[in-house]
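Think of it as A, B, C and D in the order they're written, each chain with its own count starting at 1.
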Amino acid sequence: MPKKSFRQAVNEALRQEMERDPTVVVMGEDVAGGMGAPGEQDAWGGPLGVTKGLMPQFGRERVLDTPISESAFIGAAVGAAATGLRPVAELMFVDFMGVCFDQIFNQAAKFRYMFGGKATTPVVIRTMYGAGFRAASQHSQCLYNIFTHIPGLKVAIPSNAYEAKGLLIQAIRDDDPVMFFEHKAMYDEEAEVPDEPYAIPFGEANLVREGEDVTIVALGRMVNVARDAADRLEGEGISCTVVDLRTTSPLDRETVLETAAETGRVVVVDEAHPRCSVATDIAALIAQEAFESLEAPVRMVTAPHAPVPFSPALEDLYIPSADRIAEAVREVHGHGRR
Amino acid sequence: MQLSREDLLEAYRRMRLIREFEDAVHEEFAAGNIPGFVHLYAGEEASAVGMCMHLDDRDRIASTHRGHGHCIAKGCDPRAMMLEIFGKREGLCAGKGGSMHIADLEKGMMGANGIVGGGPPLICGAALAAKTLGTGGVAVAFVGDGGSNQGTTLESYNLAKVWNLPAIFVIEDNGYAESTASSWSVGGSQTGRAAGFGMPGVEVDGFDFFAVWEAAREAVERAREGGGPSLLHVRLGRYYGHFEGDACTYRAPDEVERLKAEKDPLMLFRRRVGEAGLLEPTDLDAIDREAREQIARAVSDAKAAGYPTEADLLTDVYASY
Amino acid sequence: MPKKSFRQAVNEALRQEMERDPTVVVMGEDVAGGMGAPGEQDAWGGPLGVTKGLMPQFGRERVLDTPISESAFIGAAVGAAATGLRPVAELMFVDFMGVCFDQIFNQAAKFRYMFGGKATTPVVIRTMYGAGFRAASQHSQCLYNIFTHIPGLKVAIPSNAYEAKGLLIQAIRDDDPVMFFEHKAMYDEEAEVPDEPYAIPFGEANLVREGEDVTIVALGRMVNVARDAADRLEGEGISCTVVDLRTTSPLDRETVLETAAETGRVVVVDEAHPRCSVATDIAALIAQEAFESLEAPVRMVTAPHAPVPFSPALEDLYIPSADRIAEAVREVHGHGRR
Amino acid sequence: MQLSREDLLEAYRRMRLIREFEDAVHEEFAAGNIPGFVHLYAGEEASAVGMCMHLDDRDRIASTHRGHGHCIAKGCDPRAMMLEIFGKREGLCAGKGGSMHIADLEKGMMGANGIVGGGPPLICGAALAAKTLGTGGVAVAFVGDGGSNQGTTLESYNLAKVWNLPAIFVIEDNGYAESTASSWSVGGSQTGRAAGFGMPGVEVDGFDFFAVWEAAREAVERAREGGGPSLLHVRLGRYYGHFEGDACTYRAPDEVERLKAEKDPLMLFRRRVGEAGLLEPTDLDAIDREAREQIARAVSDAKAAGYPTEADLLTDVYASY
């Protein structure tokens, strides 16, 4: 199978869905770029070149650059979704949600319920998240927990290029509003990605690795870090299951609970801050529903309750590492059976 | 384009329906039969109807917390609306929305909105969809004077302009946002702001149906012809409080009485069509009677209708689960 | 001690702090009311009259009505806090956070850390939350979990009039940005409230009731519902501890863990939606740190994963009730010792 | 009010420091010594300095992602800034902020900002504090052309107007927001918008220090005297990419060369003071030399300085724990 980068995978998903369905449009700041400028058009394709090439193929009518007005254009995507288009809007960094959250959580998310089931709002909001880019406090957050909290939204967080393509295609075809999280430090990472379009269903976690001793539940970029930790632990004789949640909403409770029950020992890995987070969500689920089979306390490996620091020296300490995951796994593994 | 006899009757009918609807909701609220936050549109009828007379089902409107008038003007069923406001299962939104969230997407009514400034971005989207799909539709955001200061509204002016959207912003300036006067809260002027964003903007006497109708005609034509967005600053007045329960002490003592005596859009309409000999008082009286009966039936139906049940609580959160 | 309503308690806290400290100012939509209008000034005092009377005493220079521009005026409160005032801004309903969240979570919350410890931002944002008012999906949310997630913010959620006064005074005196949550259905509820000013320290939960069998952890209005449930259960011979968190950030981990360990059985009650919530936060904490002493799975009693419905018939089913809490307590109580 | 010889030297010194600082950061970034997102201000110096020459420590400014110039113009220590940008513990923000979050509240510099449109609301607050505390201070928000379309900015115009705040909005229009031309993204005009919100607004040649200085003087005086907010639309150009790493293919091929050759604000300043016989070239050469040395030292100090350590990771999240 051909190897493609995460960036290519996202681009291909967009291109193929735009080819398939003329109502799919893309909008955002500089998603093409060069609007009104004297030089190259399609000059950017977003700040990291993810949407480059779409505008030349589909034209400015379907690849719309926007002013820096997130409320207006994210809201426009929502309004267009309620009236016949399937827009994919780019919220450049999820950190910017604070200037447009209303259109997402009070409008898009609630239309269907508030209007008694009569609205359909198939909008996708692609957004970058995560630390590791030395991008500091306002360009490095995760924040997917906030969207996961909101009924009416779906939240997809792909862990590699293959997942990105399949989950994005599903997101575009899905009739509900979907927040689609892309980790900015993963765009160059490659995986085998089929050329043809495929959709990965929402709410089905992926068993990245199966083991007997400890279950590691992770999401997004942390899936890879968790796998690294698991590889390392293999050498120490600790065999780990690694669960990639894929979507936090809907959540595949069954897979989480089954794998937790199988090993009786669970480590949850989440790049976000630790309070009211996906990590606590999973830990709470397990504490409630897999209590009987738990052999050790659940351990959460997360970023600390602090903004993301700029200095590389601090940021490297900040992000959950394979080391810290391995340590947590060893700890729950060593916990005496009860 | 001219108003036919049928148009005039229809316009009056919609305005009267709104008035009857709001008066009935006012009474039922006072009697304790309607819960929640309810904001009434009585007195402002000429704005909604003057605009919506130009619109059909391919056109979209977004409304505000004060949405009943826009709904009726855009063709929503008053009975289903009344059931909704009473929280009943057969309500227009199955009882889940209530007064602040009435919508009927099939009629192009994209929703009242509990968020001040929530509508204008949505309308940019509806206008974009109309443009992209080539439906010839236009999209209209109704916004209060208070809502005109919300960043979401101001951004939308610019987006509509640079995308050259078939969008219209109707600033319904009833003089107050809650208890705060628009003469204080709005720096500059609405039409000056429109000009600042490169859109045509006109001030309109919102008590006069014909003035609104005429200004709306121009804006809708411009939008349909690809001429881009525009803004109407409609000056009008509300008869009831900000919400039901508001004591309105911030208003001048005789303010509402004078509004009703001198500026009632329904009265002014009757006078105008009478003076011009366009309609007979008997035509209008018949409409008044029918509207009163229709709304009375809606209220009694709403009272009789059943509530949603536990089975409804968790449905319709998603389109697919 | 004099009985005062929650409304009076909040008003008194504001008045006394404004009397004490001339840098305390209040701002928000219609916090006085009547601005520019021909009739009564101080006509509103907020939509539910909570700030009424402050403007006549302190003048419009210190009680500032605002246009409907939450980003601008909440941001102004933040900017003023960083430059010498101690503003108390009113975000009328927390549901409106979507139009101004950036100024709270990216600006106020992060200044101190981003600026290397050199900023102090003593702003308080008072806001109404909660269901029960038939106010529907966009005026009934809790959302405190979102603020709890954000490092740099403090979050106070008083459970009665006494708590409201003491926690608000602390919030105003505190040098960090504080989100202060007032349940809209509680304003008329009375409690004994001392006339003199007093501050309730943050991060110290309150033991509302001590029992031996089950620990109920609750916050805000749910504390009272939990207490009702506990009273009822007393008659059935089940004795409950009820913990009022008071602040979710900082969180009094010790009290939660101690009371959980004492009873070994825990029910967490939270009016918010269940995903990535304060409920999961507490459940996860207990699952991690009180695991050894747990006799039964933690149970969460929360609102469902659905927007708040308008119809009274549905809203009454929606809100966590004493019945549902009691049921959960019975369930964990009946769970066989392990 | 007039510029003294000292003022002129000081203005030139600040502009040159900014230029040297940015050129050095550009080089160090290219060499891989500086991480993260870095946006350079080279070419825009006259705006920051033309405004900040009127300000003192009681005055506040809020900046943007392109903040280095505003910092230096407002008196931040370039050495501590350089250390910050290198992520070092002795940096102005202890290495926690980096290029996009440099602040020095004691100097009245309220922070660069990673959020486009983040600054204007804050400046309303600083202006309110100055007014309430009677300090006589003014508050200035620097905003890009792109940021002028953000709702937070537009709301702030209105708030500053209705509260009659000593606030100034400086729209630095360098022609682009990332790769998007301001000629496209800005509906209407900046000065038209100012008028729409009831504020004075003027267009200013931002390559010309003296033009900015003069326009700023008026705005600052008006604000200090209680005359309320105003807006400057400063037209200027940036030399480097949107951020370091931007290939700038959207620009005309010779655009930057022409800017440098014809519109360099430092060159224009030199020419002007030379022609008017206000300063000698040798005075300016000395400043150039000193600035170069000062920045070179800052860079070598930054390289030599130590990083923060694990003990710093969790401090300063709160003022009190």
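Please note the rule applied: a contact is a pair of C-beta atoms (placed from the backbone, for glycine too) under 8 Å apart; a residue touches a chain by one contact, two chains touch by 3 or more.
What you are looking at is a predicted structure, and each value in this text was computed from that prediction instead of being measured.
Novice: Which chains make contact with chain A and with chain C at once?
Specialist: Touching chain A as well as chain C, we find B, D.
Novice: Report, in whole Å, the distance between the mean C-alpha point of chain B and the mean C-alpha point of chain D.
Specialist: The answer is 45 Å.
Novice: Nearest whole angstrom, what separates the Cα centre of chain C from the Cα centre of chain D?
Specialist: Spacing between the chain centres: roughly 40 Å.
Novice: When the centre of a chain is set as the mean of its C-alpha atoms, what distance in Å lies between chain A and chain D?
Specialist: 35
Novice: Could you tell me which residues belong to chain B and also touch two or more other chains?
Specialist: Answer for chain B, listing residues that touch two or more other chains: 91, 93, 95-97, 101, 113-115, 149-152, 155, 158, 162, 184-186, 317.
Novice: Residue numbers in chain A touching 2 or more other chains?
Specialist: As it turns out, chain A has residues touching two or more other chains at 67, 69, 71-72, 95-96, 98-99, 102-103, 106, 113-114, 136-138, 151-152, 304-307, 309-310.
Novice: Given which chains touch which, is the overall layout a line, a ring, a star, complete, or other?
Specialist: Shape = complete; every chain linked to every other.
Novice: Sort out for me which residues of chain A touch chain B in the complex.
Specialist: 23, 25, 61-62, 64, 66-67, 69, 71-85, 87, 102-103, 106-107, 111-120, 122, 151-152, 154, 174-176, 250
Novice: Touching chain A in the complex: which residues of chain B?
Specialist: Residues 60, 62, 91-97, 101, 103-106, 110-111, 113-115, 118, 120-126, 128-130, 132-133, 139, 151-152, 155-156, 158-159, 162-163, 315-321.
Novice: Report the residues of chain C in contact with chain A in the complex, numbered from low to high.
Specialist: 71, 95-106, 109-110, 113-114, 136-138, 145-146, 148-152, 248-249, 251, 272-273, 275-281, 283-289, 291-292, 294, 296-300, 304-307, 309-310, 338
Novice: Residue numbers of chain D touching chain B in their complex, please.
Specialist: Touching chain B from chain D are residues 149-152, 154-155, 157-158, 161-162, 184-189, 192-199.
Novice: In the complex, go through chain D and note every residue touching chain A.
Specialist: 35-37, 87-89, 91, 93, 95-98, 100-101, 113-117, 146-147, 149-152, 176-186, 243, 248-253, 255, 307-310, 312-314, 317
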